[in-house]
Every structure is written in structure tokens, then in C-alpha cells.
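Here come two complexes built around subunit A, the first alongside subunit B, the second alongside subunit C.
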Partner chain A sequence: MTQIGEVALWVALALSLWGVGSAFLGGRQRRGDLVLSAERTVLAVFSLLVVTAGAIIWAFLHNEFQYEYVAGHSNRELATFYKVAGLWGGQTGSLVFWATLLALFGSIAVLQNRKRNREFMPYVAGTILFVLAFFLVVIVFASNPFKMLPFIPADGRGLNPQLQNYWMTIHPPTLYLGFTCFTIPFAFGVAALVTGRLDTRWITTTRKWTLLAWFFLTCGILFGMRWAYEELGWGGYWFWDPVENASLLPWLTGTAFLHSVMIQEKRGMLKQWNIFLILGTFLLSIFATFLTRSGLIESVHAFAENTTIAYIFLGFLAVVTLICAALVWWRRDRLQPESQVESWLSREAAFLGNNLVFVGAMFATLWGTTFPLISEGIFKQKINVGPPFYNRVNVPLGLILLFLLGVGPIIAWRRATPRNLKRNFLLPLAVGTVVGVALWASGIRHVEALLTFALGAFTMTTVVVEFWKGTRARAAIEGEGRARALVSLVRRNRRRYGGYIVHAGLVVTFMGFAGKAYDVEKQIALKPGESVDVQSPFGTSYHLQYEAMSWYDATNMTKLVASMRVERNHEPLGIMTAELRSYRQRQETNHEVGIRTEWDQDLYLILAGVDDPNGVIQGTDPRPMATFRVLINPLVSWIWVGGLLMAIGTLIALWPTVAVEPKVRTVPVRVPEPELVEV
Partner chain B sequence: MLLALALALVVARPVAAQTVRSPSSLPHADVANEAISQLRSPFCPGLMLAVCPSDQAAALRDSIHVLAARGWSAHRLVEWMISRHGEEWRALPKRSGPGLWAWVIPPLVLIGGAAYIVGRLRRARAVASVFPAPSVAISSADREQLAVALRQWEEAEEAGEVET
Partner chain C sequence: MKKQRKFLVGGITVAGLVGYLMFTGMQDSMVYYHTPAELVQKVAVDPSYREVAVKVGGRVMPGSVHFDNRTLDLRFTILDIATGKARFPVHYQGPLPDTFEQGRDVVVTGRLDDQGVFQATSLLTKCGSRYEAGAEAYES
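== the complex of A and B ==
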């Protein structure tokens, strides 16, 4: 089976190289046979990559440790669940996985466009195959999953303990779905540049693809945050780690693109900017994969280290950047805007502002992420950039964004009149001000948190008012009940109201972030029977009593489990446990935290250390002293709720819209022909 | 308004708790925490000292708290730790020397980008005013019909009948 997988890999490489040539040649010479061949090549490469990925999973499931990749990322005791996830648990397999997903999306795009967008398709197929060919070259020549060891080990090294978590089985695939999905709008963007068809068609064609990519990337980032929160055992969910940053970069430009395409659709503006954004988003997706897999920059998430691959990726990034820059330069005349921003008080201006903030945040994050390399290269001194830097730079940008989140969707296109401004913004501004003043009066002095809540209230009010106005109008016009009117309102205009729900989700998430300002932490060494009291920022008092330490052998690991009896305001809540896991095969220790989630705060328990772990296991010291870190993390659950809202909103926007004729009477207006003036 | 008040009540609750001063809210603890928040942990690769779960990191945090209680400033505490463990554990680049570039470039790019966009849009508007679109005469009856149509459109838009 594995040999078939290896052969499939080589055939896929040869086919994709053929496909690149036939696609571009077919497009240039307008030869339908070559174009068809290229399109079928995408489908064939997908089938072959499925065979390759299947062969790798088969090798994992059958403990074929003669393969270096399997031996390095699995062992006999590893649960089947994680053996399947081993496909993306290491660098080599994850590259195969990346390529398979890209081939899948490429195949769907080819099948979707059998009868439409025919002038684009040679270059769309060619671009997808070009990216596939690059990945296949890397896989075959620099990171082959079928590379054999000179001997067959009795057992493998096992999977990295931090990856043995259920979020790990869904977080990387979701993130990769997002990265690869952005390749399709990128391919259409390249095709639009090559063909010179730079009107809105490539944008309307790829609108759903962009939304789908954004959906996957958003979910992937949130799953990663949840994984970090549960698995890394330090009490946080976002660390501004280089690999986390790498996933955020394409999300920022992708979000900017989602907004700026609306301006091109409505006003024919920002054509050049949209092309830059989609090209940049794709390049940043490749950069993210490079950063995760190269190990060039120190990261808690860098599970691989291969500088050869790093340089190949950098070369590919440079080549694609040059090609894209040349295409944009070639087509610069056709990328001129059809109209201008008429007023700074308009939706176009608000969207421009939001784009500037998104791209500014992207640049600041990219700059911080790469600064250790830049400083080492230029100043011969490695200067690290940690979370405080990103917070100082990005929090003000986030606050501006939160404000624009409320302004953008409801300010008028072209030019907002004083009446429009008053009608739309009076209530939201009043609510935002009331919240801000009330919080200030009640003693909240953390400026960023205060502004987040005030601006969040402003934006949330704009969303609620939009739903209210729409429902009321619909109920009046159609004679429907309020609930039914709300449902049909959303159903009739999924893109718009789905977008509002995404905005509401983002506001809730931002408020969850602001809760971080009130984190409480206590570290204490306790003997069984001793206890600790922790006061929550919401006035709740937690009493934790260390009951006992137990141990047991589980598949693949030995666990030390500390039990704590927990009371909240003197009311018993039950037992919480926190674990220290020793993974036998890799001889690594990992913290498994205890989390008790409530709507307003999380009680988070870490077993930081045990005085005599061997004594516990051998029974000589069954009641050891243990060190605990107890944290109270306010509003963390709001982040997950906000994320869920964002996902729901995106799915609503993605759902096919029912075509509805607008209920507007056609009014004949006599407009005289303008006189032609010779210039 | 109710939403605003509810939100204010929820978030205002932290203040009630803050009136009880725990040992960690003493001034020297704030100084120590400020210093700790600017340091990476030498004992947990990639993690900050503040969140590193290792025993050595806990001991280092304790030492910083002890020195802060003796009146050391956050800056002095950071430099003390860096002198013992090395420059690579500084999480916040210095605002002098090569570290200055980390701080200066992002705002410069943001301001430069904003200035470029504003300049370009002004130029485009200036060009548009030099070559205005041919004026179109609309009668008052047409204007009235347009106003009616726009009102109907606005109503339909609010009812979700048309996409904006």
C-alpha cells in the first residue's frame, strides 16, 4: 500500500508539471484540448494525492516504523485517533495534507466552472497546478514521507505530547482548509490579470470562496486558541507567538479583502488594492506554512525544523511575488478606478479606514514576527519581540477597528448627510457613552478595557438597531409577526445580515479579550489537606482544598493527578483535577489543566510541580507537597461565544441567497443624452 | 439603553472586588509584575516568564518580587535579570539602538499609508473637478419621481428586500 502511495506521489508531480505547461499554453494559443487536459490534470492530481495521504495513514495505522516519518511521529501505544492525525502531526505529512486540500478545492473550482468563466479557467487551473507542483517538488525531494530508515525500530518515538489533544485533530486541518481555500480567489485574481478582465466578475465568482476561506481560517484560529488554552498549560489563549501570528496575517488581509471587494462591486473603486490584497493573502498563507514548518523563528508551536525547506519556501515566495508584481505592473492601466471617494463621511471612506487598520495591524505583526531575523541579519544582534510589543502596537488599532465596525455597515454610500448621520448614529453613540461613563463612574480605570466596552456597546447597538429596523419595516410591509419577519429578513439578505452577526460576534470576542485586564493569579505550594483562597475580580470567593495525589498508567503515559475540592462563596462545587503527564516513549512531561467554565469567568488550575513524583508512584510518599497555579480568567467564555457567532454569521452569509425581485416600482426618468465634448 | 446598563453592571462588578487589597495589589507587587511582564522565560522555550510553569521560573519570579519589595524599579529589575540570563530574554525591545527600529517602523508605515491614500484620493478628486461629468438637466417632476422611488427603495432595503 505504501509503495502505491509513493508511486502516486511521483505521478502527481509529473502530471502537475504537465498541467502547468498545458494550461498556460492552452490559454495562450486558445487550444481547448490543452485546457481540458489541464483541468482533468487537477482532478487526477487530487485522486493521486488522496492515495498518497491514504498510504501515509495506512502506514501509521500499521506501525510501519521503517518509515522515518511514521517512526518520528507515532508509537505502538498511540491511540488510533492520533495515528490518523499523524498525517498532519509533522512537517512532511502536513505538506501532503496541504497539497491534498488544495487539489480538492482546485477540483471543485474546475468542476464548478465547466461552463462558465471559460476565459479564466486555463490560468486558474495553471495557477493551482503551479502551486501544487511546488508543494510536490518539496515533498518528493526535500521532505519525503516515504523516506526509509536504515533499520526498522521496534517502536516509534511517539507523537509530540502537546499534539495529543482532541483540538489538535481539528485545529490544523481547519487552518489548512483556510490557507488552501484562499488559493482559489488568488488563482482567479491571477487569471483576471493575465486575461485583462479586471471588472468585478472575478470578484463575484470568488466571493463564496473568499468567505469559505475566511470561515475556515477564523475557526482554525479559534480552535488553536482553545487548544493553547487547554493544552499549553499557562492560562492564556493567545501568546503572539510567531506561528500564531502567521495564521493571523492572512486572516487580517483576507478580512480587509472581504470588505474592500464590496467597494469595487458597488463603485468600481480599489481594483488595484483588491488585487494586492488577494495576492498578499495567498503569499501570507504560504508564509504561515513556511514559518510553522521551517523552525527558523523560535516558537512554542514550531513542531518541525528544516532550514532546507525554509529556503525553498522563501525562494517560492520571492518568485511568486515577482510574477505577481510584474502582472500588476503590466495591467496597471486596467486597474484604474471608475469613480472616486466623494466624501470622507461615506461608507467607502469607512471601509478604506478599516482596510488601512487591517493592513497596518498585519504589517505591525509581520514586522514584530520577523524582527528577530531582521535585527540579526542587519545589526548582528538578535532582538526578540514578545507579547507586550504586539499588545502596545495592535490594541489601539483594534479599538479603531471596533469603532469602524459600527460605522461601516450603516453609514451611507457616496456621502452621508447630517440627517443620515443623526438617524443612524445618535442612539449607538448615546449607548456607547452611557456605558463608558457608567464604567468610569463605577471605578474602572483600565483605559483599553473601558474603551473596548464603550466602543463594543456602540457597535453592538448599531447591529441591534439594524435588525430592529429591518424587522419592524418587514412586519409592517408584509404583515408578518416580528419573529417571522426577523427570519425572513435574514433569509432574504443573507450576506448583509450574516455580516452583522459576524460583527456582533467580533464585538463579543473583543469584550472577552478585554477581560484579560482583570486576570487573577496565585501560585502556592500545598500539602494534602491544606487550602488556598482566591478572590475573583467579580467578587466571588473560591476556596480550593488539596485533597489527594493519585497516579495511574494510561496508554502511552503515566499520569499524576491532583484532586482539589472547590467551593464558591462557601458552596461546594465538587472536585477539580489537574494532571502531570509523563509520556514514556518521548520522555517528556506535559501539564493537563483543570478548567471550570462559568459565563463570566473561568477557574483554571495548573499542577505546576510535585515534590516527589517517584515517591507517589512507588508508594513511599503518597501525600507529596505539590505546587499549584490557580488563575481566574474573566470573560474567557465570551471569546468562544463570539467565535461561534462569527461562524454562524459566516455560514448564513455563505448560504445561497434566494433570488428576489426588489419591490421597487420602476420609475421612468427622462435623462437627456449628455453632449459629447471634444477634448 | 437597557443593554448598556446591563453591560455596565456586569463589567462594573470587578470594582467591588478591587476594594479588597490582596498582597499582589501592593505597589511593589505592581512593580515586580511590570518587570516580569517584560521578560521571556529562560526555562520554558517560547513562553513569557509570567506564565512559565517551571519551578525555576517560579523561583525567579519570587526573587524579582523580593527585590521589588526592597524598592527596586521595574527597569532595574529587568536589567538585573537580563544581566544574569542574557539579552535574548528581553520581550520588549529597547527604545534605543537597533531595538528602536522595532517601534518606529510600524507607525511610520501606517502614517505613510494613510498619507498616501489621502493624497491619492485628493488628486483623483482634483482631476474629477477639472474634468467634471457632463451636467444633466432634470425637471422638477422628474426630481419628485426620483425622490418617491428612493423612498420606496429605502423602505425595501430596510425590509431586507434588496441587497446593499
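== the complex of A and C ==
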């Protein structure tokens, strides 16, 4: 069964190469038959990749350990759930997964647009197939999932225990959905350049694709943070690790793109900038995939050290950059702005500022991430930069963004008058100032945290006022009740009010980040019966008493479980547990932390060490001394709540608009079907 | 060019700000990365190099690991990955990283003290070989 997958892979490669040729040739010579063939190739490659992915999953489910990939990422005892997830558990499989997702999105884009955007389609299909062909070359020649071992091992080596977590099973696919989804707007951007049709058509056509990509990428990053928080057992959620940074880079340019296209739609500016942003976002998505998979830069989870792949990826990035730069140069006359920024106090200027800050943050993060390579190349000396660098640069930039987040959506286009400014910003500024002063008075002296809350309050007020004004106006005009007016307000302007909800979510998330400034950590060795007290920055006191140590034998590991009786302000909260797991197959240990989430803080418990683990298991020392780390992480739950708000807001903006306006009668136009030609 | 002036001014301002932040940030957090052999040689040439915090990438010498479960003191000897020589003891205090093990490649950050012990403030385990193990892993 599994061999079919390998055959499908080869056929997919051959077909996609054919498709690239026929798409560009068909587009140039205006030959409908070739274009149709290229469009169908996208669908065919998708079907073939589904077969390949299915074959890999089949091999996992049937314990076919003769395949190196299966043997390296599974074993007989592994839960079925994780066997399926094995498809994206390692390098080769995840490249197949990437290509499959791209082919899926490509197929949808082709079916959706083949009638509507005829002139773009040859180049859209061609670009998608070009990217697919590249991935298939990498898979077939440098990272083949069907590579056999010289013998059949009795059992596999199992999946890395850190990956055996539900967040980890959904985090990579979600990120990949985001990465691949950005290829669609990129393909339309290329098509716009090649055809020279550089009005807003390519942007409005792909608006939802961009939003969808942003949705997946945002969720993917947040899932990764949640995974790190629960699984890595360090009490943090973001470490400025190269792989984390890699996923942030396309997010930064993608977010900039999402905003700058609005300026092009409304005012015909930033045409060249938009092309570069989507190109950059696409390249950074590829770069992120490559960084994760090449192990070129030290990282907690650089998954491989395959330098061949590194060179293929770098070559691909270089080629795409050159082609696109040449296209932009060729079309530079058609990329001239139709209007200009008239005043610094205008929506255009605010959006421009937002864009420059996003790109600045991207550049700084990229610089820090690749600096070990740059310095090795130039000074023959590897130099790393740590989290202080990223925080130093990105925290001030984040604060500027937080401010612009409040300004951008409500300041007037072209030129804001003093009256306009006063009417829109007096109340938000007052609220922001009051919050800032109140926090200062209550003893908060951490400047960044203070500013986050003051600016957050400013921005949040602008959002609330917008909803309030809109609802009130609608209630007055339509004579609806307030609640009904609010619902129909959002329904009629999904993009705008969905966007406001995303902004509100981001503010809440940023406030959650600010809580980091007040983390508390305590490490202590306890005998059973002994206890520790921890004081939270909000005045809550926790009392943890080490009750007992027990052990369990699970299918592929042995767990040591410490139970702690927890009291908050002398009120019992119940039992909290933290575990130390030893995985037999891989001879690795893993800390399973205990987390107790409250609305304002998390109590985070790590079982750092057990004095006599073997004594517990053999029964000679059932009550060993153990070392614990107790952390209080303020406002962490705000990050997840804010993330949820961002997701909901994006979904509202994404939801297909049902025609509420009276329908305009349209006369169907018949487009002659191109002739069918056997391929 | 007058049309694009605001774009340029904005761009230069933000670039200047980001540049300034990056420059000062680099000064705060630049850390040299050495192999154990390089560090030993650097310190031999210039003893004041002990004062500089560095990152060292090497291998945990099998049989050298001692971990005190109570104080969380971890001691092991680090080897040069390429030559297997140039070793010095490393001390780290904290919970054992999940994937730490004898023979594993690690990256430690810290400095060499006067006794020649590397006092690590952070310890990262490289998992590369683990995730993508070759055939030799089964043969034992």
C-alpha cells in the first residue's frame, strides 16, 4: 500500500513541472488549452499528494518500521492519535504536509477564480505549481519519506515526548496552514505584475485569503506559545528562539500587508510597497519552514541538520527574490502612486507608521535570528544575541504599535482637523492618562508595563467608543433596540468591526505580556509534610504543602507524581500535581507541570527533582524529598483570552457576506470554454 | 521626488529608531559562541577572557554527569564535538532539561571561573540528532 505513495510523489513532481511550463507558455501565447491543462494539473497534484500523505499515515498506522521516517517517529505503543500526527512530526513528513496544504489551497483558488479572473489564472496556477515543484524536488531528492532502512527494526524509536501533547499536534499544522495560505495572494501579486494589471483587483480578490492566512498564522503562533508554556516547563511562553522568531517574521509583514492594502484600495498609494510586502511575507514563510527544518541556527527545536536542504532552500529564496525584483523593475511605471500623503495627521500617515514599525520589527528580529550566521561569515566568529536584544527593540516598537492601533482606525483620511482630533481623541486620551496615573499612584514603577496599560486603555476606549457610536446611530436610524442594533452593525460591516475586535484582542494580549514584568519564582526542597509560602504581586498568598509522591506505569513511560495541597489566602483550593515522566523507548525524562489558572495569575508548579526515584518505584523510599519550583505568572490567561478575541474578530471579518442589500439583477455573461485537450 | 517626501521622512525616522534600538540591544546581549577547544585556547592566550560571558557548544562526556536532586546542582564534563578532547567541567544549577542526557550535544552560556569550572547560567539541549536519528541508532 505504502509504495503507491512514492509513485504518486514522482508523478506529482513530473506533472507540476509540466504545469509550470504549460501555464506560463499558455498565458503568453494565449492558448486556452495549455492554461486549462495547467489549472487541472493543480487539482491533479493535490489528489496525488493526498495519496502520498495517506500512504505515510498508513505506514504509521501499520507500524511499517522498514521506513526510516516511520521508525524514527513512532513505535508500537504510540497512541493512534500521535501516529496520525506523525505525518508532521518530522522533517520529511512535514514537507509533504506543506505541499499538500499548498496544493489544496491552490486547487480552491483555481476553482474559485478560473471564471472570474481569467487573465490572472495562467500565472496564478503557474506560480503555485512552481512552488509545489520546488517542494516536490526537495522531498523526492533530499528528504524522501519513503527511504528504507537496510533492515526492519522490531520497533520504532517513538515520538519525542515533548511532541506528545495536544497543542503540539495542532500547532505545526496551523502554522503551516498560515504559511501556505500566503502563497495564494503572492501568486496573484505575481500574476498582476506579469499581466500588468496593477490596479486593486489582485488585492480585492485575495483579501479573504490574506485574512485566512493571518488567522491561521496567529492561531499557530498562539498554540505554539501555549505548548511552550505547558510542555517546556520553564514557566515562559516565548523565548525568542530562532524557530519561534521564524514564525513571527511572516506574521509581522503579513500584518503590515493586511493594513497597507487598505491604503491602496482607498487612495491608490503604496502599490510597490504592497507587492514587496506580499513577496516578503511569502519568502519569510518559506524561510520559516526552512529554518525549522535545517537546524542551521541553534535552537531548542531545530529539528534537523541537513545542510543540503539548507542550500536548496536558500537557492530557491534567491531565485524567487531575483525574479520578483526584475518583475517590479519592469512594471515600475505602472506602480506609481495615484495620490500622496497630505498630512502627518491623517489615516494614511498612521497606517504608514504602522507599516514601517512592523517592517522595522521584522528586520530587527531577522537580524538577531540570523546574526550567528552573519557574524560567522564576516568575522569568522559565531556571535549570538539573546532575548535582551529582542526585548530592547521590540518592546518600544510594540508600544508605538499599541498607540497607532488606537489612532489608525478613527483618524480622518487625508488631513485631520483640530475639531476632528478633539472629538475623536479627547475621551480616549483622558482614559489612558487616568489609567496611567492611577497605576503610578498604586506603586507600579515598571515603565513598559505602565505604558502598556495606559496605551492599552487609550486604544480600548477608541474601540468601545466606535461600537457605541455605531450602535447608537443605528438604533436611532433604524429604530432597533440597542442589542439588535449592535448585532446588525457588526453584520453589515464585518471587515471593520471584526477588525476592531482583533484590535481589542491584541490589546488584551499585550497586557498579558506586560504581566511578565511581575513574575515570581521560588525554588525549594521539601520533605513530605513540609510546605512553602509564595506571595503574588497582587497580594494573594499561596501556601503549598507537599503531601505525597506516587508512581504509575503507563504504556510507554513511568510517571512520578507529586501532590501538593494548595491554599490561597488560607482557603483550601484542593490538590495540585506535578509529574516527572521517564519515557522508556527514548530514555528521556519530561517534566509535566501543574498549572492553576485564575483570571489574574497562574500558579505554576514544577517538580524539578526527586531525591530517590528508584526508591519510590521499588517501595524502599515511598516518601522521598523532592525539589519544587513554584512560579506565579501574572496575567498569563489574558494572552489566551486576547488570542481568542483576535481569532473571533478575524472570523467575523472573514465570514462570507450574505447579500443583505437588494439584489442587482445581473446578466450572465457566457465565457466560451477553452477546448479540451488530452494531456 | 517631492511626492514621496513623507514616505521617506517616515522611513528614515523609523529606520533610525530601529537602528538605534538594535545597536544598543546588540551591546547588551552579544554573546560569543565557541567550541570548548576555542574557549580553552582563548583563555590561554588572554586570561581576562574569563570575564566575558560566552556560549559554548559541546558534548556531554558519558559517565561524567552528577545531578543532585535536592539542590539541583548539575555537574558534567563537556567535550569538543569534533576532537573529543579539550574538556572542562561545567556547573549548572536548575532542573534538568527534559532532553539532557550523557553523550548529548548541549549549548551552555556562562563563564569560566578561576578554578577552570564553567559556571553556566543557561543550558540548552540540542535535539537535532534525536528527532532525525539514522540507522545506527537501532544497531546497539
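Here is the rule we go by: the second predicted complex is superposed on the first by the 657 of 679 C-alpha atoms of A that agree within 3 Å, B and C clash if a C-alpha of one lies under 4 Å from a C-alpha of the other, contacts with A are read in each partner's own complex, and residues count from 1 in each chain.
In this text, a residue touches a chain if its C-beta (ideal position, glycine included) is under 8 Å from a C-beta of that chain, and two chains touch if they have at least 3 such contacts.
Everything quoted here is computed from the prediction, not taken from an experiment.
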Is the arrangement of subunit B and subunit C around the shared subunit A a clash or a fit after superposition?
-> clash
Applying the touch criterion given at the start, work out whether A:R492 contacts subunit B, subunit C, both or neither, answering first, second, both or neither.
-> first
With the two complexes superposed on chain A, say which partner A:L149 touches: subunit B (first), subunit C (second), both, or neither.
-> second
Considering only touches as defined above, state whether A:E68 meets subunit B (first), subunit C (second), both or neither.
-> second
For A:A608, is the partner it touches subunit B (first), subunit C (second), both, or none of the two (neither)?
-> both
On subunit A, which partner touches more residues: subunit B or subunit C?
-> B
Is A:R474 contacted by the first partner subunit B, the second partner subunit C, both or neither?
-> first
Taking the superposition as given, does A:G233 touch the first partner, subunit B, the second, subunit C, both, or neither?
-> both
Should A:S563 be classified as contacting the first partner (subunit B), the second (subunit C), both, or neither?
-> neither
Using the touch definition from the top, say if A:W367 reaches subunit B (first), subunit C (second), both or neither.
-> both
Could you say whether A:G539 touches subunit B, subunit C, both of them, or neither, answering first, second, both or neither?
-> first
Subunit B stretch colliding with subunit C in the overlay (listed: 45-53, 63-71 or 153-161) is 45-53
Check subunit A for residues that touch subunit B in one structure and subunit C in the other, and list them.
-> 232-233, 298, 300-301, 337, 340-341, 352, 356, 360, 363-364, 367-368, 381-389, 393, 397, 523, 591, 606, 608-609, 627, 629
Within the complex, which stretch of subunit A touches subunit C?
-> 68, 71-72, 90-91, 149-151, 153, 157, 160-162, 232-233, 295, 298, 300-306, 337, 340-341, 344, 349, 352-353, 356-357, 360-361, 363-364, 367-368, 372, 381-393, 396-397, 523, 525, 586-591, 606, 608-613, 625-627, 629
List of subunit C residues in touch with subunit A within their complex = 3-4, 6-7, 10-11, 14-15, 17-18, 21-22, 24-26, 28-34, 55, 57, 67-72, 94-96, 98-99, 101, 107, 109, 124-135, 137-138
Subunit B contacts subunit A in the complex at 1, 3-5, 7-8, 10-18, 20, 22, 24, 37-38, 40, 44-48, 51-55, 58, 61, 87-94, 98-99, 101-102, 105-107, 109-110, 113-114, 117, 121, 124-125, 128, 131, 133-139, 142, 145-146, 148-149, 152-153, 155-156, 158-164
Given the complex, residues on subunit A that touch subunit B span 232-236, 239, 241, 298-301, 337, 340-342, 352, 356, 359-360, 363-364, 367-368, 371, 374-375, 378-379, 381-389, 393, 397, 430-432, 434-435, 438-439, 442-444, 449, 453, 456-457, 460-461, 464, 469-470, 473-474, 477-478, 488-490, 492-493, 495-497, 518, 521-523, 535-539, 591, 600, 606, 608-609, 627, 629, 634, 657, 660, 662-665, 667-672, 674-675, 677, 679
